[in-house]
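Down below are the structures I want you to see.
Two complexes, one shared chain (chain A), two partners (chain B, chain C).
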Partner chain A sequence: MIIAQNRFPKPDFESGYEYPFFSYQIPNETAWVVFDLVMLVLLMSIVAWAVIKRRKRKPVFWVSIVSVAYFGFFRTGCVCSIGAIQNVALALVDSSYAMPLVVLLFFVLPVLFTLLFGRVFCAGVCPFGALQELVNIKSYRLPRSVTAVLEMLPWIYLILAILFAVTRSSFIICRFDPFIGIFRLGGDIGMITVGALLLIAAVFTGRPFCRFLCPYGALLSLFSRVSIRKIKITPTCINCDLCQRACPLDAIRPPYENKVKESRVQGVKRIIIYMVVLPLMALAGAFLLQQMSGSLSRVNKNVHLYDLVVKYEQNPQDVQPLEVEVFYAQGGTLEELTGRVEKIFAEFKTASAVAGALIGLVIGFTLIGLSLKRTRKTYEIDDAACVNCGRCFSYCPQNHIIS
Partner chain B sequence: MRKSILRNIAIVSAIGMITFSIMLITNYFQVRGFNPLQTEVIETLKQINDENANNIELQEQIRQLDLLARSAYFVNLDRLKLGVYILIGMLVVFVLTLRFYFAEDKQLPGKQVDPVDDWLIKTNARKYIGWAAGGLVVAALLFVFLSSPHLSSGAPDNEKPEVIAEVESSSDETQLDESPDDSTVSSESLDSLESLSSLNSSDPSSAAVTSNAFRGNNSNAVSPARSIPVKWDLASGENIAWKSDVPKHGFNSPVITGNKVFITGADDQARELYCYDLSTGKRLWTLAASNIPGSPVQMPKTTNDTGLAASTVATNGQQVCAIFATGDIICADMNGKRLWAKNLGVPQNHYGYASSLLAFGNTVIVQYDNSNTPRILAFDMATGAERWTKTRTDKITWSSPIIAYINNQPQLVLMGNPGITGYNPNNGEQLWRVDGMNGEVGASPCSAAGRVFGASEYAALIAIDATTGKQLWKADDYLPEVSSPVATKDNVYLATSYGVLACYDAKTGELKHSHELNTEFYSSPVITEGKLYLFSNDGQMFIYSTNEDFQLLHSFETGQRTFATPAFTDGKIVVRTESSLYCVSEKKS
Partner chain C sequence: MEEEKKNNDPISRKKFLRMCGTAVAGTALLGVSAVALKRLADKEADYFWQIDPKKCTFCGRCETDCVLPISAVKCVHALRVCGYCDLCGGYYRTNVKDLNTAAENMRCPTGAIKRSYVEDPYFEYTIEESICNGCGKCAKGCNSFGNGSLYLQVKQDLCTNCNECKISRVCPSGAIRRVPYAMAYMLKDD
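After this line comes the complex of A and B, so read on.
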């Protein structure tokens, strides 16, 4: 109700009615923040112990329930590591921006754990992943050739999120968070609906948000490739294929003898072509996104206001939007606003070019990755894709041997 | 039996979920963007109330409607939320029933959807990525193409950042909080309205709306000012906040920035820039345009109806610049400290130089059309450094430049003889030109909705599509001599020297209305709050509605002859008469 009152101007009363004074109770946030961090480390440690040491799924399942209950519904999904990317990005480019320590730790700790044990954060500590994990009933698979395309989306999302963060325009990861409305039992209806639809999808396929949208997951997948201790296929593997078929994220690769009919020269030639085209892709991406920078900058609130003011000044007989009314009431002038907006345009031009180049590189490197031929003699875990959920353990007939 | 029940529950909840999702999405798009307080009915009633403030019944009706609109909005939101809760509830039911349904089965994906050949998967993936990348490029190109006019407004010209950068450096710039919130907690804080409330005005006494040049901002004669009085009388003092004498004569119009009002005056002895307090009318300072290298000792000859100080000053809120018929241009800071001055060469002008200055960011633009060296000049307002200059081929004119925003991109538009010309205000590059004027061009152009209008007596009223520079139409029923036209997106209004106030269709040029008012107009009409304000030379104020009816709303004698165009800010009008300066402000009874 308080938010609602702030959204529109208060009604005019001439009867002498005095508005009540709203007092906001400030919770003891420091204690909770410390507890958040303790919970984060504790739950990640439990997952690491369960999947690396014990090779058990059950503790991960219970961690998922605790995480959804605590980080999700109780702490309402905030602070979250996914959104913290934006704070870190902004802090890196803007020395005047004071990033809270807790946000930094929420960003760094899962990275550290990933370097040590793989994506234990994604396994069940992240409330988003945990929620999808809990609702998953059947893991229908998508063709891997299709998921290879979809797996580029988190990278593009990550790049755009950083673009809007460093230009001080918007924290789009928070703004378009599909699950926060569910955790808070309210919020933007559109995003809640998207969240609900994602959950419905998660019932039938493994973690669609984590695989095809989560920008933090994309980042962690880089670190998990080089993590020190990670889940391994049991050395006594009997090639039963159960683990591979049980994995909801399709992160286990079966043995594959490379019998590609294509000649080696042809394969090398393809990779060289991609290497040559790579800078061109980056340049094309930079060019395209730079061309779009004007429109992208409309996300920035100053630019949005500028558009409203210009439109209104061109048609002053029109109804004055509330934003414009406030702008004028605060002594704003179009000249002064134009000055600010021009600076933002210039910033966007540069940042969009960099973002476009990075998107070009993502596509290029994905193509190169898909051109490499490999022979697998045993089942292998795709460390980048594996989220340490432990589903495969209970299916493995040899799991008991090492656990 | 148990499995069958579970299956049926799952199916029912799945159907329910789909139905609710469709309903919620539809409802969401209906509610999104709807502002309960800006409904047409409420706005219309408010407008009627503005015109007739004493109708208590109407005010009560507005309050009731306001309450009703707010209630309806929040009830609708609550229903949406309830719908979402039901959807989530159904999802929980669906998940649980399915879990129980499959509880006895060891869950395994039944079929391998991929071929065994890993290389084939990769080959297909490369192909799909190629298609996806191609699709992205096409979509991006299409987007760029479709939004190009919008983009061009966002992409400043090379020179523009330079102009603006200096505005930014101003010390008392108002700052919008640009930083996103300090934690991920707070995407909501980026909401525009909330962040707007963090705007801080550097000067609490400042007028909310500036009128920074002749005929207001951009010299386009439309003002965003609100709560403008519709009745006043100098003789009785009705709604007159203050009245001050002006030391020296001038036909120039007042300009307002912050709490300051600027005008100039001149005679053979001195040329002066005056600053008045908007609240009290007290003259705060006077700055003489003296000791300027090149300034003529002998004053140029001017006629009585033009004089030495016909040009209106321009300000950007940090500096104020004035120009006189001697060719002297002088700029000062807000405290009257002279920053720079120079003489542009005495203009050969048989009536006297009369073009007003124009402020564009940190640049002052001078239309210096005269019989010897017609040109446009652009100076840095703070330092006087010349930003650019452009030689003109047109004959002498007395009109003033304007800034027209075409697709949000500024264009500098000048009347000339014979051409109306659009320039890039950043570098003086000519964008378009339409010939059609002749005689003595005194009226300034105006602009609205992508069109530019220029008119002059004995020539024509010409409408130009400023995006292409093509003439749209031409009319010559009624034409102005001194008074400048003003336009809305639908209409063009002009006042003639022989007392006709005419309204043309902005799209077709058809004459919609004409009012014979039996008076003479030198002052230019200004539109604000959907009303057109116009002074006749004998000091009669005419207020017309700018809707399709173009009705006379108010007409009254103000008490003094008035040639200048008034300046508007929220709740106030500053008027220069033949001998004084006064401020109109509605007195609360």
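After this line comes the complex of A and C, so read on.
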């Protein structure tokens, strides 16, 4: 390892040479950050007003364009609410981690708006959603069986992202961000390819990233289920089915009559089965992921280093990897590293058990959701899936009545 | 009898559950923000990524692993540390035959180091930042044979401040980390 030393004396200049002055400026981002927050609140308010009060798509469309241009290409996608999940999760468990206020606000404000008005953030304020929305031309409907499986992915992604964040291993949402390379016009070629493929898919089906990957969308869907004000089907609905066909996210459910009449005893039985199956799924998930905690922990930098050092000590004649070389040069010993890594292993064991239990519950609840067949007398909006894009309004022949 | 009928009304039950859900969601949101806010107020946030020149090993990964097309890491020259040598370990490659400025003798692959004659025997070296790619070859040479006045720093006006710096993930010595405002540059001059 190279260590800087003062090998040559400082010269005595006789020609009156003066040291040039360099200034290293630290950009003051405060003004931009404040403007970001103003834009965030303003755009979400516009969407809420347009969708709930005016029942019009036009303003949402313009918000999408502004968001892609400003949050996407101009501010290059950072800070983003999706990534902020990890910072908030880490701040909640680790008191030594200090989080900037703007990150917290970027996390909390969209959730708050979702609780008030539904997923107005997803509608067009999130540059990722807006970009996919803008390229969407035709929405081919994917079969229910496929979407049911794919819709579990955001939850699993969310749980894993929190797992890696709270163990201080990695921020995987930021690492595997498919659109940031497009917004920055450069970056990791693999991720840009994934982003481009997602965008091509978005031309033919509504928002593949939002529906099948976005962890923040999963979180917001929880809040939008219980939001205070939300889009409703026109009260004077004439059952024309146009809105359902227009919805790119398949969030409008047609009327359905469940002809199977269930007796009270059967219902109670079903509930008991759920009560038994859910904890079993959680336990199975916890067990499975705990078994995998060893390989999961390899994401952590220290564990990765530990692997390299152990591998090197077994074959000392091999070429020393750079990491190992620096590790020894800094005076590290395997014992000290083992101590550190064992703590991380233990942390991963508990954290991945919790994560596994949660994944088990996600699968369990998805299965229950698929097995329930509720009678719907009218068209109904699936509040969790609806992103308030407002495409259905112009298709509704009765929309003028309340708008 | 009528009351029982009311209780069985599915709409009102659904509504009630929904209200409970709203209350739970609202409380959860408040709780999370309250706890997180407490964490905020405690101390100044570490917000800038910076390289600790004492730990840097000039491995060259700053050049290749930054998310930007041209790395935000640049070579910085501490003139007050520099020996102003003619035979500069950062300027010339090791074991060059003739000390001239032919390209094969130059350490810097992009030609970002400019040198100007000050007085005998001193030369001033400056870095042209727009050409520098942060490979750290000159810094390695300077730290091996000179005073270590050439070193790498993250230029804060170029850095996009990623949530997790991609270079920090591959940095073998852990030299690059989040630092508070006061340490946004770790300059050797000061």
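By our rule, the second predicted complex is superposed on the first by the 364 of 403 C-alpha atoms of A that agree within 3 Å, B and C clash if a C-alpha of one lies under 4 Å from a C-alpha of the other, contacts with A are read in each partner's own complex, and residues count from 1 in each chain.
One rule holds in what follows: contacts are C-beta pairs under 8 Å (C-beta built on N, C-alpha and C of every residue); 3 or more make two chains touch, one makes a residue touch a chain.
Computed from a predicted structure; not experimentally measured.
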item	value
Touching partner for A:E323 - first (chain B), second (chain C), both, neither	both
Chain B versus chain C as contact partner of A:F223, first or second or both or neither	second
Which superposed partner A:L115 touches (first chain B, second chain C, both, neither)	second
Partner chain(s) touched by A:F393 [first = chain B, second = chain C, both, neither]	neither
Contacts of A:L92 with chain B and chain C, given as first, second, both or neither	second
Touched partner set for A:S170, first chain B, second chain C, both or neither	both
Touched partner set for A:R141, first chain B, second chain C, both or neither	first
Chain B versus chain C as contact partner of A:I200, first or second or both or neither	first
Which partner, chain B or chain C, touches more chain A residues	B
Touched partner set for A:R184, first chain B, second chain C, both or neither	second
On chain A, the residue positions that both chain B and chain C contact, one per complex	4, 6-9, 11, 78-79, 83, 86-87, 97-100, 170-171, 174-175, 186, 301, 322-323, 326-327, 329-330
Complex interface listing, chain B residues touching chain A	17, 21, 24-25, 27-28, 31-32, 35-38, 43, 63, 66-67, 70, 74, 77, 80-81, 84-85, 87-88, 91, 94-95, 98-99, 102, 106-109, 112-114, 118-119, 121-122, 124-130, 132-133, 137, 140-141, 143-144, 147, 150-156, 160-161, 164-165, 167-168, 170, 173-174, 176, 178-187, 190, 192-197, 199-203, 206-210, 212, 217-218, 222-224, 226, 258, 316-317, 359, 361, 405, 408, 448-449, 488-489, 527-530, 546, 570
Complex contacts: residues of chain A adjacent to chain B	4, 6-9, 11-12, 78-80, 82-84, 86-87, 90, 94, 96-100, 102-103, 134-135, 137-146, 148-149, 152, 165, 168-171, 173-175, 177, 181-182, 185-186, 189-190, 192-193, 196-197, 199-200, 203, 242, 245-246, 253, 256, 258, 260, 262, 281, 284, 288-289, 291-295, 297-298, 301-305, 307, 310, 312-317, 319-324, 326-336, 338-340, 342-343, 345-346, 348-349, 363, 366-367, 370-371, 373-374, 395
For the chain C and chain A complex, residues of the former touching the latter	18, 21-22, 24-26, 29, 32-33, 35-37, 39-40, 42-48, 53-55, 57-59, 67-69, 76, 79-81, 83-85, 118-119, 122, 124, 126, 140, 143-148, 151, 153, 155-157, 160-164, 166, 169, 172-173, 181, 184-185, 187
Chain C-facing residues of chain A, complex	1-11, 13-15, 17, 19-20, 24-27, 76, 78-79, 83, 86-88, 91-92, 95, 97-101, 104, 108, 111-112, 115, 170-171, 174-175, 180, 184, 186-188, 222-223, 225-228, 301, 322-323, 325-327, 329-330
